[in-house]
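My structure is below; once you've seen it, I'll send some questions.
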Amino acid sequence: MKTIYGAVLAGAMAMGASVAQAADDVTLQLKWVTQAQFGGYYVALDKGFYEEEGLNVTIKPGGPDVAPAQVIAGGGADVVLDWMPSALASREKGLDLVNIAQPFKSSGMMLTCRKDSGIATPADFKGKTLGVWFGGNEYPFLSWMNKLGYSTDGGEDGVTVLKQGFNVDPILNGQADCVSTMTYNEYWQIIDAGLTPEELVVFKYEDQGVATLEDGIYVIGSNLEDPAFVDKMERFVRASMKGWKWAEENPDDAAMIVLDNDATGAQTEKHQTRMMREIAKLTAGSNGALDVADYERTVQSLLSGGSDPVITKAPEGAYTLAITDKALN
Amino acid sequence: MMAWVFGSLVFWLAAWALNARLSRLSATWVRFFVPTLFGVTVIVVWEGMVRGFGVNPVLLPAPSAIAATFVGEIPTLWGDLVQTFFKGALSGYVIGCTAGVLTAIAVDRSPFLQRGLLPVGNFVAALPIVGMAPILVMWFGFGWQSKAAVVVVMVFFPMLVNAVEGLQASESMQRDLMRTYAATPGQGLRKLRLPAAMPFIFNGLKICTTLALIGAIVAEFFGSPIKGMGFRISTEVGRLALDMVWAEIVVAAIVGSAFYGAVALAERVVTFWHPSQRG
Amino acid sequence: MKSFLSILTVVAALIAFWYAACVPMNIHEAAIQAQRAGVDVTPAEAPERRKTGRISLALQNTGLWSTVFTQERPQLPAPHQVAQEFWKTTWGMIERGRAFSKRSLILHGWITLSATLLGFAFGTALGIVLAVSIVHSRAMDMSVMPWIIASQTVPILAIAPMIVVVLAALSVDDIVAKGVISMYLSFFPVVVGMVKGLRSPDAMQMDQMKTWNATRTETLWKLRLPSSAPYLFASLKVGVAASLIGAVVAELSLSSNGGLGARLLAGSYYGQTVQIWSALFAAAALAAVLVWAIGVAQKITLKRMGFAQ
């Protein structure tokens, strides 16, 4: 009974609190758990950049079973972070996701392999076992495999694909020859686990020419017809980019801010500081506006998927530059 | 649009009235018709609500869309079923249940061990299996072996508990009779105690059928090759293809119930003498 | 007390087996680390070592056995490692006055417990309501009972994310979403047990109520419900354990708010096996405590109601 009373009381207080606020409410759904990958937003929250713009922002961390596109479709968030391939695929499925800003200029995705599995170039992938996460992150990988001409069904002429779990164990205990890693996260987990860079060979998607745009800010297109919403988003983007630039210049402090906001208590300072520094390399070069050339490259990469392309036709209205034009000038 | 909602509600009321009438009869066909009509009504109301309220298909697809996907993707669904059920769940089920029965027989002669094993077993059975699954995938790899291992862990203790109870189910008069026949403990086991334990063992086997399939699917969430029901469900959620997810759920429900039914049928054949089988 | 010695023996045997199992399970990692430190390992080449089985590798490198019990990221943590981590995150936190910090298992245990109790309350209420209607209406009995059984064949882990998203869209609190998922798992044993219990009064007792001209409601309150008390408590024990598992599963989809499930996920995500094991044991201990609490309630209630125990 006490738990129910407590829940009702908490709910009533929350309602009261939200009525008392004069600022605009924005709910942001992250793509993964609280980590330095989203440092800019936590910095903007902590340092009051959102408050300065008159916004009351709630940041919802994601996780393995949270699909940001689903959350925004269900009305659980006003704005989400997603990778462009996944957003374009959702768009084709009928969900009107529109990119309003692109803080991440470069891709951090790479395939990390053990040198002792005999892999030195992508030509050596044949017959090997490669790991990749799914849940929206598999599209760049599948496009790459299609470009190289390898079927993903296994066998001598193709590659065997494993659905990686949430950690890098498959490469550590030899179950996979290669695993998908991000420059800022899983690669360092492998190094922490004891493998040295000399024992590994990495293939960065940027270097292989198959990079796609990653963390971008997306909203539902129909909401953009409401001028009040557009104004809210302009302020949100402006404050978020301020947060990102602050994080780029002060990575260690930004990492501490992220740690303070981690509800699970599982992140470590070492890991987050390193992650923040790596993320700063990916956001450098972008002021938040989407570079249309990058967008076209991503679309081409996804369309050229051979027999099983990620998207079947070029998307229309998948991005808008109107918000960043207003917010950043 | 609201016509769909009203239409489905009217259907629901009519079906309810029909079921209420029919339930007074006791013909065999009625026993199958009533739950089937109930199920059909749920589907009709679901379809009506989704169409009438215009629910986004990435949140909840309509049953007609699920059916279309089901029919269109039968090869994928079958491949997933072979991977998860036949390779993972079934092998784990056989190993786990056999191990449970054998352990029960082994500790049968020692009440001392039994008194210690059961409380410890209850504690181990309380470990949430979703926590064990990543550990077992780490140990046994990504193939069907780790799924079978998860199933073994899930079914071992319920089977053990039921088998131990079953071995004690024979009456003392019956056991004394065996003594008067100068039966060795082994003969007593084979001729009296095991057959007497069968109702309990089958009770355990039935409980373990649902645990086996769910265990295999849960294990696949934590790492698998790119086929299998758990894999399909978790990745299609990420791709917002909820109709495929529901199609897999339908397969799981059908196969799970069929598995349970098969074991119940075997129970009828083996324990035909037990009061519960006399209807 | 008689069983205390038995339990102790079995637990001691299990712990001994656990320590022994640490050797083959952790030997590969120990070999890698030893080689980095310059110690001789057989076989010396990494690819060859990967192909060697765990037991043969352990037998070839008896010198490394002592190192398998203190690894940072072991495949199988030793019992004392799990105990240390458990202690550090429970009593250790209390000592430092940070019992409810985000790294404390007590906080996470409380979060899971509150979701479990909420789901347990929902599930019990739903189960009793369904059982009463099944016993009183043949239409409900014939149409709903088979579907209730079929509902348990659907893997909850598949539906949990969808339930979370739909409830979030309806602006429902997260804890209620977790409660709904727990309810799904815990209502089934309650329904099955209560149906059996509500039908347990024998024909003589039912006839007695008839001679007193009792209505169906009076029969329900004065005869059926009291007779079902033993069955109810047995089902509540199963139901509370199921509710805990439901809360942990729900936390895999809602890990932002902490809880033992979120802790499990974080540990598995970062390869912190010791964290996973200590969270697992915390969950099992929580289940044991809840079941024990219901057992105590059962003893007291049934004794007062006059059931011979």
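We just call them A, B and C in the order they show up, numbering each chain from 1.
As a working rule, contacts are C-beta pairs under 8 Å (C-beta built on N, C-alpha and C of every residue); 3 or more make two chains touch, one makes a residue touch a chain.
None of the values given here were measured: they were computed from a predicted structure.
Taking the mean of all protein Cα atoms as the centre, the chain whose own Cα mean lies nearest is C.
With A-B and A-C as the two chain pairs, more C-beta contacts join A-C. Note on chain placement: the centre of subunit B and the centre of subunit C lie 18 Å apart, centres being C-alpha means.
Centres computed as Cα averages put subunit A at a distance of 38 Å from subunit B. Per-chain Cα centroids separate subunit A from subunit C by 33 Å. Residues of subunit B in contact with two or more other chains: 59, 134, 138, 222, 237.
With touch defined as above, residues shared between interfaces to two or more other chains in subunit C number as follows: 75, 161, 165-166, 169, 252, 268. Across the assembly, subunit A contributes residues 65, 67, 70, 73-74, 165-167, 169, 173 that each touch 2 or more other chains. Residues 2-3, 5-11, 14, 25, 75-76, 137-139, 141-147, 149-150, 152-159, 161-162, 165-166, 169, 241, 244-245, 248-249, 252, 261, 264, 268, 273, 276-277, 279-281, 283-284, 287-288, 291 of subunit C are the ones touching subunit B in the complex. Note for the complex: subunit B touches subunit C at residues 16, 19-20, 22-24, 30-31, 34-35, 37-39, 42, 59-60, 112-117, 119-120, 122-124, 126-132, 134-135, 138-139, 210, 213-214, 217-218, 221-222, 230, 233, 237, 242, 245, 248-249, 252-253, 256-257, 260. Of all the residues in subunit B, the ones that touch subunit A in their complex are 56-59, 134, 137-138, 141-142, 222-226, 231, 234-235, 237-241. In the complex of the two chains, the subunit C residues touching subunit A come out as 28-29, 32-33, 36, 46-47, 50, 73, 75, 101-104, 114, 117-118, 121, 160-161, 164-166, 168-169, 173, 175-176, 252-258, 262-263, 265-272, 275. Interface residues of subunit A, counted against subunit C in their complex, comprise 1, 3-4, 6-7, 10-11, 33-34, 60-67, 70-71, 73-76, 116, 165-169, 172-174, 189, 193-194, 199, 262-266, 271.
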